[in-house]
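Data block below; observations after.
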Amino acid sequence: MNPFLRLFETPWIWSWLASFIVWFLTIMVTLGASTIGVSQAALTFAAFSVIVGLGQMFVITLGPGNIDLSVPATMTFAGTVALKLMNVENGMILPGLLVTIAIGLVVGLCNYSLIKALRIPPIIATLSMSFIVQSAAIWTNRGLRIKPPSALADFTTSNTLGAPNVAIVALLISILAWFLLEKTIYGRWISAIGQSMPAARMAGIPVDGARLATYLFCAVLASVAGYLLACFSGGAALNMGSEYLLMSIAVVVIGGTAVAGGDSNVPGIWGASLFMFLVVSMLNTYGLGAGIRLIMTGLIIISVIMLAGGRRASIR
Amino acid sequence: MDGIQKAVIAVDGAKVSFGAVKALDGVTLRVMPGECVGLVGHNGAGKSTIVSVINGGLTPQAGSVASDDERLERYGINAARARGVRCVFQELSLCPNLSIVENTRIMHRDLGGFGWRTRAQKIIEQSLDTVFPGHSIGSSRAVGDLSIAERQMVEIAMAFSDAGIAPRLVILDEPTSSLDASLARQMLDHVRRFVAAGGSVIFISHILHEILETSDRIIVMKDGRVVAERPAHGFDHHGLVEAMGTVAKEGTGQRLSREQAAAPPILSHQAEGLSFKAHEGEIIGLAGLAGHGQTELLLALHAAQSGNWRPERDPLVTFVAGDRRLNGVFELWSILRNFSIASLGDLSRRGLILAKEEETKGADWKRRIEIRTPDLHNRILSLSGGNQQKVLFARALATRAPIVLMDDPMRGVDVGTKQEVYKIIREEAARGRTFVWYSTEMDEVRLCDRVYVFREGRIMDELAADAVNETNIITASFSGVPA
Amino acid sequence: DTSAKKIALSNNYAGNSWRQAMLTSWEKVTGEAVKAGVVAAADAFTTAENQATEQAAQIQNMILQGYDAIVLNAASPTALNGAVKEACDAGITVVSFDGIVTEPCAWRIAVDFKEMGRSQVEYLSKKLPDGGNLLEIRGLAGVFVDDEISAGIHEGVKQFPQFKIVGSVHGDWAQDVAQKAVAGILPSLPDIVGVVTQGGDGYGAAQAIAATDRKMPIIVMGNREDELRWWKEQKDAKGYETMSVSIAPGVSTLAFWVAQQILDGKEVKKDLVVPFLRIDQDNLETNLANTQAGGVANVEYTQQDALKVIESAK
Amino acid sequence: MTLRLSSDAMRLVIPALSLTLLLAAVFWLQPRAMSYVGLNLLFNLAVPIALATIAQMLVMAVNDLDLSMGTFVSFIACVTATFLRDAPVTGVLILVGAIATYAGLGVVIHLRNLPSIVVTLGMSFVWGGLGVLLLPAPGGQSPDWVRWLMTVKPPLAPMAIVASIIIAVVAHLVVMRSSLGVLIRGIGGNPRSVERAGWSIVAARGAAYGLAGVFAVLAGIALVGLTTSADANIALRYTLLSIAGVILGGGEFIGGRVSPIGAVIGALTLTLAGSFLSFLRISADWQIGAQGAILIIVLAFRLMLNRVEKREKGR
């Protein structure tokens, strides 16, 4: 088959195609004058969805029923605690980041402990956990918005060679994720677990270890996203993660990752994240009201999946 | 048409290809009322495919299907069922979440209406009682709660059951693979009764003596074609194997008994009944009636030796699954990935997979046990059942684990392949590998150095060396008196 | 005498700084009142998911718990009417504030959200007599407050036709959501002279605009400390001028006193109006100094204040 | 036959026991709840949740998941509070259309082999948008007959209890006893075998979704009867609640293992758990967290009973 046609067999192409079309329609409103602005904004905001989406993707790869609903609460908790700890001092940036990661690890550990100890579906375990984490966030700082250290605020809001710094960070994390999935034993393990847990166990895979690592990874990515988002938007808020519940799931599935597990897809996350931002921007730009905007968003998501779906990508 | 009788089903020149694979290359086959047709062939010969054509699940790209001399243009599942064609598929195909009665409802479309439960119950219980007299399967139990043998019994009974349209042609695709000898006997007896009453049966099995003694006529398939077709008495075991084109090196039978017991055991387990021990280089058989605790012992041995939290650097045990859908294959993956998953530790450095070494090792094993595929990057599901099973074998043997646990792994593997695998097992054992082998086939049990016989979850007896023979095993599995 | 009476606060949402300030004020003021023996208890309850159905269940539980009055910040002005009616039927006094309910048996302490929106455009018309293009940031779609403020803004634009709304996005009263929405639409917008908002979204808008090379328009703020501080920085640096308006979170304490007065047998009109809290260029510093870091500009009420509000409504 | 409970019955015992225990705890904390009025107050909001849970259960029975349940019920609530009251004919047509859309979704999901999670995620935006278009701000009013139905005071047991029993019985008959129910669960268990028996899986999947649509529509109508008005966000939490209810009630995500009676009990349990918490008077900061904790406790209880059951079975 010719390489161009083969491109259309890849599961991620549809999300990219969709976001390109939406991007094009958006910039055409100003006949291209807004190209750079729109592109930079899209990259910036897609970056956060990419980071949480990657974590969610690893979890979804673990197979049916695996989903982490504690992502928003974890983002909020990590953001609020880190900003409170750093207290606007540049010297505290690193300790802040370390605490952020520690929070991710703790939440991930709690999530998996619940799943394992209570043998409950992850969707319920992480939902329960998210309530507790959200309470912890309220308890630690009662919704006060503390500013980020100036160096961090500058870093997260500026560009390097025209590319937003947060997008560069997201890209680096994506490369790491791709590498983990495609090149390491761990990647094979989680894909195997996602296809059949009993078979994975009988093949000698340390199933619990791999699943725990995955929930840890997801929670750490969520907390890092919370840390970056809090710095980027000038302070942490108690509701700052709420958008990212549906978002983290949507970018994974629109990006072409198999919802039934076992088959994940890093480039698709980028396509889907850009798409999710651009479609709202486009509809805003065309001045459509909230109702119409929601309906269009939904229909576009369904159209993308209709185009991309139906053919199960054969993976090697 | 030469006789007075009309063929129940006549397939003429059926051709089916899946991409480049010619699964059927012009197969002509007819089944007359009152006969049992045995269908044999190596793995991937096209047996299951012709079954799909006959039961209407697959429309051949060329050729025709006729029934009672009437050429059927729009032949499909419902047309087949209406003509009394029933099928027991190679893989289990009931709904595990439903009760036996509810499964009966699903299988018989026109059973509906008020009070269907009572009717369905009567139908299936009657059939179970007829095919497997003395069975103890309650029809309100969920299929998922049944043992694998019980499920197969229910499927067979389901195919022979009558809910308005009487079964005329029952296709049995490896129906005895999970049944022990006595249950298989009951089924074969029923097949004879059914045929004697004018019914027709297509019987597919890799257990050749079953075919030889049960069929009236035997059809041998090879690479999508019928290569021989004769009355059953025209074949003997050897002739059949020759016709299939597999060079069956007759097993050397019993191994020379060696001085293993002197060495310290490398694996031991206190199960109920006698305690289990394994020594280096031994082939240990787990025998007894199907589903009496053999698989459980294997799972327990595996669980005790493998870590769920951290990867084992030098795993002591590896496992060959029997129920490959459940705990064998990874369906989304290629053959190569399915093969290498258990030995990734050796195929990687610091967690990074060495792709070249993976390919080399895969190619090596493909050659060694002859996995029939043009390319190891094809999906595992493109292989026939038997070839999938070979991949699982290769997976386990390619590890460094000194102990191989095998859960009735030869289900659906053809005779030629079996002989090859037996040879490999013997070689590996000679090199010091230990095999713990659960098998439902007596021929395989006889290959073992030592055999534990199970009954009702306990080890009842231990047989060694010359004592490993059919009489002793059967005596132990039924009498249940520990030695 | 209300010393044996028990009052409950039913709150639908605690996820932003405004709500947290509201709860803090409640705790502070009612805590003292309980200590002083004015009432027997004043417990606060918040639902987890900001949903009318959940809050209706909460109110029903309060009925079972035997509270004498329920002070209510409602998730929906109408969807709780069933539960509120049940409470009234059980003899319980219901006082709603901020998020008010329409059930006639309940009292309402309302802010004129429409006027809050309209006054923003009026302010802009004074600063920018020539008018120009405006960007509107709305709250959470489908919520009463959002609709009211937005309606007020559009009324204002009708009144001052030199202004034109060229873009409208939903910022959900959250800085980060507002920032994202504004950043997405901004590249496609013509020049804008002003941003009309609902509170909790001004700082996000400022950040999104600052990331481009546009001239900073007049962004109406919403009394959040981060908004006020940003305004102060801009004011000191280049004399930036704007105003800020929102409802004071301390109205919860007014509602508490009103409920207490009703329990005490006082005649109180069903509809009370409180002024919104507005901050201007000249009183920015004082307000900023009185606002907790990361909090919201606030006014708390005493029993006396409440009596004054009740009297003036007669 | 020994006196061993079937796995279906066992699936029920555990949720029923959790509910009983929780109810005992609530009565102990708040004796006032132990009355006709008290029970109604405790459980009336569980009625729409129970209906939504049954709807979700039907989708889960065919191995799918409906992430649009909350927005769909909200949309139906908006229709009920507007059209169904002001223009009943149009209102009924819209509701029928909504059910048909659900059935259509099932068909499309099957034919194009789409992941239900994504399609329903997309639909959740669509229903949400339609809801916002219908009611940009909260409002509308419940039709009188609906209000009457939801506030009726039957003798002996309060409406909430009677309604829950009716829902459980009807759902049980449809899902567990009827041929259609067997077919739907069969698809969840092993679609291939159902297909090989000559059934049209597309039609059955469509029927499962359509039936889910019917129950979800009833949920929306019942909800408006209780709240008297609607808005586009009114039932968003039903998505997760309904999933949790199915699981609490002994259902599973895949394999067609569901229990309608269990699902209703699960919905009642979830509602009751909320009341239990508010009777405990937990500090405001931790009220949200306590909801998580109670879910965990109820599920831990389920596990404990499961263990006991396993041990029983083992011998």
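The letters A, B, C and D name the chains in turn, as written, and every chain counts its residues from 1.
Here is the rule we go by: a contact is a pair of C-beta atoms (placed from the backbone, for glycine too) under 8 Å apart; a residue touches a chain by one contact, two chains touch by 3 or more.
Computed from a predicted model, the values in this text were never measured in an experiment.
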Partner chains shared by subunit B and subunit C (touch criterion as defined above): A, D
Pair joined by the larger number of C-beta contacts - C-D, B-D: C-D
Identity of the chain that, by mean CA position, is farthest from subunit C: B
Inter-centroid spacing, subunit D versus subunit C (mean Cα positions, whole Å): 35
Averaged-CA centre spacing for the pair subunit B and subunit A, given as whole angstrom: 45
Length of the line joining the C-alpha centres of subunit A and subunit D, rounded to whole Å: 29
Subunit C, residues touching no fewer than two other chains: 14, 23, 48, 141-142
Residues of subunit D touching at least two other chains: 131-132, 136, 287-288, 291
Interface hub residues of subunit B, defined as touching at least two other chains: none
Which pairs of chains touch, using the document's own definition: A-B, A-C, A-D, B-D, C-D
Subunit A contact footprint on subunit D (complex, rising order): 67, 108, 112-115, 117-119, 121-133, 136, 240, 243-244, 247, 253-254, 285-293, 295-296, 299-300, 302-303, 306
Parts of subunit C lying in touch with subunit D, wherever the complex brings them together: 14, 23, 27, 43-46, 48-49, 51-54, 56-58, 60-66, 76-83, 85-86, 140-144, 146-148
Residues of subunit A touching subunit D in the complex: 64-65, 69, 114, 118-121, 123-125, 127-136, 138-139, 142, 246, 249-250, 253-254, 258-260, 289-302, 305-306, 309-310, 312
Residue ranges of subunit D touching subunit C (in the complex, touch as defined): 30, 32-33, 38, 41-42, 44-45, 48-49, 131-132, 135-141, 223, 226-238, 271, 274-275, 278-279, 281, 284, 287-288, 291
Residue ranges of subunit D in contact with subunit B within the complex: 1, 6-8, 177, 179, 182-183, 185-186, 188-190, 192-199, 255-257
